[in-house]
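Structures incoming, each one as structure tokens.
In what follows, chain A forms one complex with chain B and a second complex with chain C.
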Partner chain A sequence: MSEAEAYSFDADMRKANRKKAVAERSVIFKIKRCDGPGKPTRWESFKVPIKEGANVISSLNWIAANPVTTSGQKTTPVVWDSNCLEEVCGACTMVINGRVRQSCSCLIDEYAPLEGDTMTLEPMSKFPVIRDLWVDRARLFNNLTRVKGWVPIDGTYNLGAGPKESHDHQQMRYTLSECMSCGCCLEACPQFTKEEDESKWDTSFIGAHAISQARYFNEHETGKKLKSDRMDTLVGEGGINDCGNAQNCVKVCPKGIPLTESIGAIGRSATVHAFKQFFQGKK
Partner chain B sequence: MADGKRVIVVGGGLAGLAASIRIAEAGVAVDLFSMVPVKRSHSVCAQGGINACNEVARQQGYSEYQHFDETLIGGDFLNDQHPVLEMTNWAPKIIDLLDRMGVPFNRSHEGYRDLRLFGGSLFRRTHFAGATTGQQLLYALDEQTRRFASEGKINMREFWEFLWPIVEDGRCVGIVAQDMRTMQIQSFRADAVIMATGGCGLVFGKSTNSVICTGGAASRCFQAGAWYGNPEMIQVHPTAIPGADKCRLMSESARGEGGRVWVPSKKGDTRKPKDIPENERYYILEERYPKYGNLVPRDIATREIFDVCVNDGMGINGTNQVYLDLTHKDPQYLTEKLGGIMDIYEKFVGDDPRYTPMRIFPAVHYSMGGLWTTYTAGDYQPDAPLTEHKPGNEIPVGTEPGLGLKMGAHNNAMTNIDGLYAFGEVNFAYHGATRLGANALLSCIFDGLCNGVSVVNYVREGDQTPASNLDPSIFDNATKQEQDKHDKLINSTTNASGDRSLNPYQIAFELGEEMNSASTVVKTGPGLEKCLSKIEELRERYTKVELGDGAMWTNQSLSFTRVVGDMIILGEAIAKAGLLREESRGSHYRTDFPERDDKRFWKTSVAKYNASSGKSDIEFVDVKAGLVKLRPRNYGKTDSGPQKTEKETVGAS
Partner chain C sequence: MSDNAGPIAKHHFLMRRLHSLTGIVPIGVFLIMHLTTNSTIAWGGLNSRAHGEGWMNRAIATFQHEVSFINNMPLLLIIEVTLWGAIGFHSILGVYYAMSGKGNTGEYKYSGNMRYTLQRLTGYFGVFFIFYHVATLRWGWSFLVPGGAVWSHEAASSTFAAALQGSTDGFTGWGLLVAVFYFVGVSGLVFHFANGLWSAAITWGITISRPAQKRWGVVCAGLGAGLMVMAWASVVGFATLDYDQAVAVEKAMMDQPAHAELEHEIEAGSDTAMVDQQDVDG
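This part shows the complex of A and B:
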């Protein structure tokens, strides 16, 4: 499957649903809830009236204003994470009808087109739940620090322009730069497992997101200066060798980041890096 | 660090991150507070680009000074002039810095930074990274912040909500904040506090802003005694996609890349857009403004679209929508230049804008008003203010730092409260009565880089007692004040069905509806008076608001309910200043006072919170000008087009 195909693999289903969507209907939201770390989980259902253009967030807003379950029980508003509502901040990731994606761009018409259809919302399973649909993704950001995800500039004073870059190279880097740290790729990855113990983060699998970001910085003229440090991390424990190449990551990435390409590129760099380490007597 | 001085930065958008980096680099410790991981701040939404003079434009007669002049005429002369001059002078250097940080700016075929056209200018002076410029800039600063954080120079406090500035003897010495997960309320000491908390779109209900852009933090500073400048100056963006939960922006770059705004010339023409021939389309902006065409400034484009739909009833199929058409451009070109926003439209509407014209309508977008700040003017002090600057004219002033603002002066971008600064969208100074497209990102980063130095100097050189030596009771009292407010809200939890009219979501909804209809595109005296009495009703209901969640863990309803109270207070100042400003200027358009009235209102409106009434007192004070002379702002409007009514030509004044 090519990257473009992978990204749109259920697009036909969604498009077809959109065509048959009934105006003025109600949809059942089945939501997995949890009051906090260590608390039991439970399911609650809500009957939500759907207006034109409704998405998961507008439905959760409706529930917040009308927090009564289908069995007539008054409950608390559901807790979730969101900000931009246009699929660019990465906050609102959830597992919707069994598949991880952004909830703000999830149109109800595409998933529950008919009266009484069900939408199932669950928090991501690879990160600790804070409450309801909100999870703690601190580890995901920590992994960016592991790969030194920055360009080591000399400082913020005025020193003239940055390195010149060809049009094509910029286009390639731009594609990588759109990654919004949403974590969909980690949720889908069989090798990335939940780790609540912070002291183990630096040796647990780093995931496709950080691998691709490492490539992004390695591709910058100044960013390159830290390539060797990045590769030390990526050939080490929890690095690229843990990737089983299942390619689930690329299929769920909402930004169409070419993750398998990045994994391939970093894999090749890793081979070179290992050789260098060997000849420099580091390993 | 060595001297134990600390600066608190509230907000991790472009302004807050630029400030944090600059201050940490100078060796002063930074505590950075944000309601969201900083990488998810609202700045990530910016699409179109960032303005700066550049070599290509320069050789065609453009200059930093021309950029300065454009910003003032764009802002209808309500901007503070000196900071704008300093900002436009810094702009090319800021682009260079971002470039060094690795921002993937679009490139020409030879490998130079590509440029695009944007509203309010006839020169290509907007730098961009696809149609996600804000995302790319925010990430570059986020990465540098991560670098400093990993070295222990910036202390990150993400998922912490700012509640109150601690003011002791007229000086800000810290803040009270709440951990949004554990709900713990705590005071933090600081030798200076920078507010970089962005805009207030949510006061208007649905807007193009992110969900945390409530203006709550600014409102709390206002209630604590900080002044608020030009609250009535709210920008409504001409082109947004109306939606169920928010209005998604269709960037001005769509027009910059050739997008044309039109409606069928025949009222109620139900044909598909593609079936309507060229000569039966009314290209609203091109016909009314032949010189700038689709690239007139935002307030003008907004009013014309509004006029055509609401007054002339010529919207598509009688709805409040017009076409924004790019289908005449090469789809491949559109993908490369505008891919990000093309995707948004397709994702949320379902049509591909490369082949079908988009349907758009104006939506609240940006707040020019914000916390009032002061400064020390720099070395450029002309004997008399200059007239309009034309491309190729002699440039009256250089571009080195310190001409607009005195570099590092302690009071640059400081509010009326000593030690409390305001950077970015929450600052009122730069954009006057309308912001030019792609000038906001610039002002945010400029504030952080330039005025960050002022904060460092204030903290280092000022003779005030270090915050670490102040009496602990100051901080304990502040914590208690906020804890009490919090507990009162928690105690309002209802388990019965409750009175729907006291539901915080309902109150916020009604506030948004009222503000949107009375205080945006077209305002009138009676409309604003009605709006103010509605606000009074909401304020009354809010005192009995009922919280739907009593949890002491990650209680989002609490945070929302609290901020609804703050939004009501800010809304009152916005509507009242709009009522008292009996003129039309920039984004502020009063049908009952359609002309700009420089005699009475070439003035900044300054709102001061009156704690006894719970309302604002508005004063009008002279704009800090002296560099450029007032002139009319009309962007070469002509009267043309079908069914043109006889009404006053808006925008020309």
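This part shows the complex of A and C:
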């Protein structure tokens, strides 16, 4: 069993649903619509014929071609964001039947196996809506810059090859590298709340993804040169200490990244960093 | 961090970690000692050196003995003020921090998420409970006690039983409410401490791997279960205590001249010593 499966709350239910899925059925898609930033929201339902192997994206494609609600009213096509269609880019993340996940990998058979079953689609609630199911995840990327989520390689001369890394260490970091910045961990986190005011982003809770990326780059032989800078951010307001240990992040992470272990590890680094600052820090 | 940030934001890390630390030392440590003392009403009958005959009388005497011991500690007021300060600090910051989150147990029914929300709810309720508990029994705000009982450290069992039951002769309706309030309050606080101990280990970076967090979780759950039994035994013990019986035991202890027991033992000891001497002489 992979980590991701082990964490799935309703994996058994979805497996059972797939077995009892009825062929040639129609499913109701109940979608939370919004025409633009700051505009009011409304619910619209669509009756979609389900073909074998249909997923949420293919169903949204069908709705785009037939934008007529269940009450027979013609409406605008539903807008959503997507790219890779194989659960590696994170763009199509949305709230499906109340819980966050990628819509491209979401098979209808697993959620609505019977005729007339309902699929509920909502945009993520922690980010501003651009339109319908499409959200602006700028704050997520802003938080990666807060922890300097990169390796400093620029110089005025050739810096040469970096230090060697052991195989085990590589493996550990590979797991952390799988983060696709989708936002699932933030959507499910009770401590990460929606913040529309951009000036407050740098003091609001940074989120599990950035904490884990800070660990990823702190563990990199060249990346660790920025460790002290990263820890300065993480011991500050909105940093590691704002985590409330609900541990939803690790449960919803589609890549099975051990986010709570990263939180523990950064917690330890923060303790060490703070003691170092107290006894030898200059500020 | 802006220059005009408040003290909580300016010393963010220190405040957060002090909040975590005060929950364990002194508050958590005190909770363990407090429940150990109070649960003597349930197991004090085991104390064979108590001043009383019969299980219940020995329990009352043991509890009274413990309370008298605590009240004879030097600089007790400093210990108390330290505790009140720590509890006040932990409560105010705790409520402030808890309000920064927004629970979502409706959508994400994971056990960790349930504990996250329960930790905050027991925190809010705990502040309320501890305030009532300390105000009525320590500061003597007896107008908040049904029946108006005033707790006394010299008649610890009887006065507490009266405060918990609403009168000096058995339960009243309001008394029952107080007893239930105590039951819910102590249960919530024991959970709050055990769960807080689990999450503090992640906060400080002591438990990192998932198996380590799980193992520490088992330890915390075990400690919590033990404390929960002690907490329930205390509340049930005092809620079912007979007021008159408690008064009788306490009176007998008060009437006994100081160190009477000790003198008796010394006398008995010297007799034995003489006997031993005779044996040697003989």
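Here, the second predicted complex is superposed on the first by the 265 of 283 C-alpha atoms of A that agree within 3 Å, B and C clash if a C-alpha of one lies under 4 Å from a C-alpha of the other, contacts with A are read in each partner's own complex, and residues count from 1 in each chain.
Note that a contact is a pair of C-beta atoms (placed from the backbone, for glycine too) under 8 Å apart; a residue touches a chain by one contact, two chains touch by 3 or more.
Treat the numbers as computed from the prediction; the structure is a model and nothing was measured.
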item: When chain B and chain C are modelled together on chain A, clash or fit; value: fit
item: Which superposed partner A:131 touches (first chain B, second chain C, both, neither); value: first
item: Which of chain B and chain C A:28 touches, first, second, both or neither; value: neither
item: First (chain B), second (chain C), both or neither touched by A:265; value: second
item: Touched partner set for A:178, first chain B, second chain C, both or neither; value: first
item: Partner with the higher number of touched chain A residues, chain C or chain B; value: B
item: Vertex chain A, arms to chain B and chain C (CA centres, degrees, nearest 10); value: 160
item: Touching partner for A:252 - first (chain B), second (chain C), both, neither; value: second
item: Chain B versus chain C as contact partner of A:158, first or second or both or neither; value: first
item: After superposition on chain A, the shortest CA separation from chain B to chain C (Å); value: 18
item: In the complex with chain A, residue positions of chain B that touch it; value: 21-22, 25, 36-37, 39-42, 44-45, 93, 96-97, 99-102, 104-109, 111-112, 129-130, 132, 135-136, 139-140, 143-144, 146-147, 149-150, 181, 210-212, 243-246, 248-249, 336, 340, 344, 347-348, 350, 449, 495, 497, 503, 505-506, 548-549, 551, 553-554, 556-557
item: Of chain A, residues touching chain B in the complex; value: 18, 35-36, 51-55, 57-58, 61, 64-65, 67, 74, 76-77, 79, 82-91, 104-105, 107, 130-131, 134, 137, 141, 144-145, 148-153, 155-156, 158-162, 164-167, 169-171, 173-174, 177-178, 180-181, 217, 220, 222-223
item: Of all residues in chain C, those that touch chain A in their complex; value: 1, 5, 9, 12-13, 16-17, 97, 100-104, 106-110, 112-113, 115-117, 119, 199, 202-210, 212-213
item: Interfacial residue positions of chain A with respect to chain C in the complex; value: 9, 98-99, 188, 190-191, 193, 203, 205, 235-237, 239, 241-248, 251-252, 258, 260-261, 263-272, 274
